[in-house]
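Let me give you the structure first, and then I'll get to my questions.
Every chain is named by a letter (A, B, C and D) in the order it is written, and numbering of its residues begins at 1.
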Amino acid sequence: MITITLRYFASLREQVGRSQETLTLANTLTVLDIWRHVHQVPLPENTLIAVNMEYVAKSHSVCDGDEVAFFPPVTGG
Amino acid sequence: MITITLRYFASLREQVGRSQETLTLANTLTVLDIWRHVHQVPLPENTLIAVNMEYVAKSHSVCDGDEVAFFPPVTGG
Amino acid sequence: MTIKIVETVFDPFFEIQNVQTQLALNGKFGATSIFIGTMRDFNEGDEVRAMTLEHYEGMTQKQLEKIMAIAKEKWGILDALIVHRVGDILPNEPIVVISVWSAHRADAFDACRYIMEELKSNAPFWKRETLISNQTRWVLKNTGGKN
Amino acid sequence: MTIKIVETVFDPFFEIQNVQTQLALNGKFGATSIFIGTMRDFNEGDEVRAMTLEHYEGMTQKQLEKIMAIAKEKWGILDALIVHRVGDILPNEPIVVISVWSAHRADAFDACRYIMEELKSNAPFWKRETLISNQTRWVLKNTGGKN
């Protein structure tokens, strides 16, 4: 069993309606498949994805204990 | 008759041994010829020349009342 | 190397001088290149009343440390500072300051700009503007900073 | 636009804030790019005890005004400041500060660097160093600042 934390930020957090949730999976999945598993709507184009606070590609597969974050393009500075 | 002021700065001032002098000419001359007229030694390579505080080429001819300055490469900032 | 995420108004010049008065730097740096980003009261043609800066705590620090480390590998940097504001911000308040100290000017200029562009592209901050009409909107995308 | 030639120690941060607190700029500038040149205690492999900065009074002002005017034509600048020291200078004292204010960062970055490079190439200042041995020497040439 793989347990991961999902986090959402900024406009994506507002669209999703929550900032954080926990997910338990039987097998590892890619971060894109995790989105599809949890959400009805397709992953918005331009969404950035981080695992354990490092940017990853959509094809990145998660490990037990990972923190997976989805967020829109960054606008700091 | 053309009367001009010559000025020297930094290391060139030290080489020339004075910072300023007045020169009276019968006819206009180029700034290079003015140097040759006044100094035994050739104009040091890299010398910058300004007339009335604007950079000029060696071939620039002076007018009555001009201030002609000779100086080495600038090293401010 | 100093990285600070702050939740209240800060004075960029105080922060810079604070680093600079470290004795180790005295007489060694010939060049300081500084960038300060300040909140404007207009954006995309609209008047802006206030802004909220959200960030991904932890990842922000991690990304900024990575940017600094790369800058340090690429250029001869003696020290560098990043301070970035989060939370509620008003026009004319500083959002970010970057300062880079080096012996020669090219290193400071290049590294400061590099850090700023990388921060804009990779550090997980998001701006939500409150317009003069009290309508709020997320800033969608940072504009390019390179020519 | 402000240009100052000063004969005594100055505080670059005070000078910058002095310009910035002008009410006209409030909320309008989003970017400030600053360069500070500071006297080092070493140059060309030698320890330096002091420096004297000579300049061509009048021409200095004229050249700096010209540089500022060109920068203002080339980029969207809200305001700019140049302060340059002349006379006797000690290590760790500021020699020059350039600050450029603009709405967007590319203009401030580009204009600040342009002004600095042009100042180095064209403003009639000359440095004479006093080494730790008390020997004096003229600095012969500014090093390049572009990559």
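Simple rule for what comes next: contacts are C-beta pairs under 8 Å (C-beta built on N, C-alpha and C of every residue); 3 or more make two chains touch, one makes a residue touch a chain.
All figures in this text were calculated on a predicted structure; none of them were measured in a lab.
Leaving out chain C only, the groups of chains that stay linked by touch are A | B, D.
With contact taken as defined at the outset, chain A and chain D are each touched by C. For this pair, chain A with chain C, the centres built from the Cα atoms lie 27 Å apart.
Distance between chain centres (mean CA atoms), chain B to chain C: 48 Å. Between chain A and chain B the centroid-to-centroid distance comes to 72 Å (mean Cα coordinates, whole Å). Among the residues of chain B, those touching two or more other chains are numbered 77. Residues of chain C found to touch two or more other chains are 37, 105, 116. Per the contact rule defined earlier, chains pair up in contact as A-C, B-D, C-D. In the complex of the two chains, the chain D residues touching chain C come out as 13, 16-17, 26-42, 91-92, 103-106, 108-110, 113, 116, 143-147. Within the complex formed with chain B, the chain D residues making contact are 37, 53-56, 58-59, 62-63, 84, 95-96, 116, 119-128, 138-142. Touching chain C in their complex are the following residues of chain A: 7, 9-11, 48, 50, 53-55, 69, 71-77.
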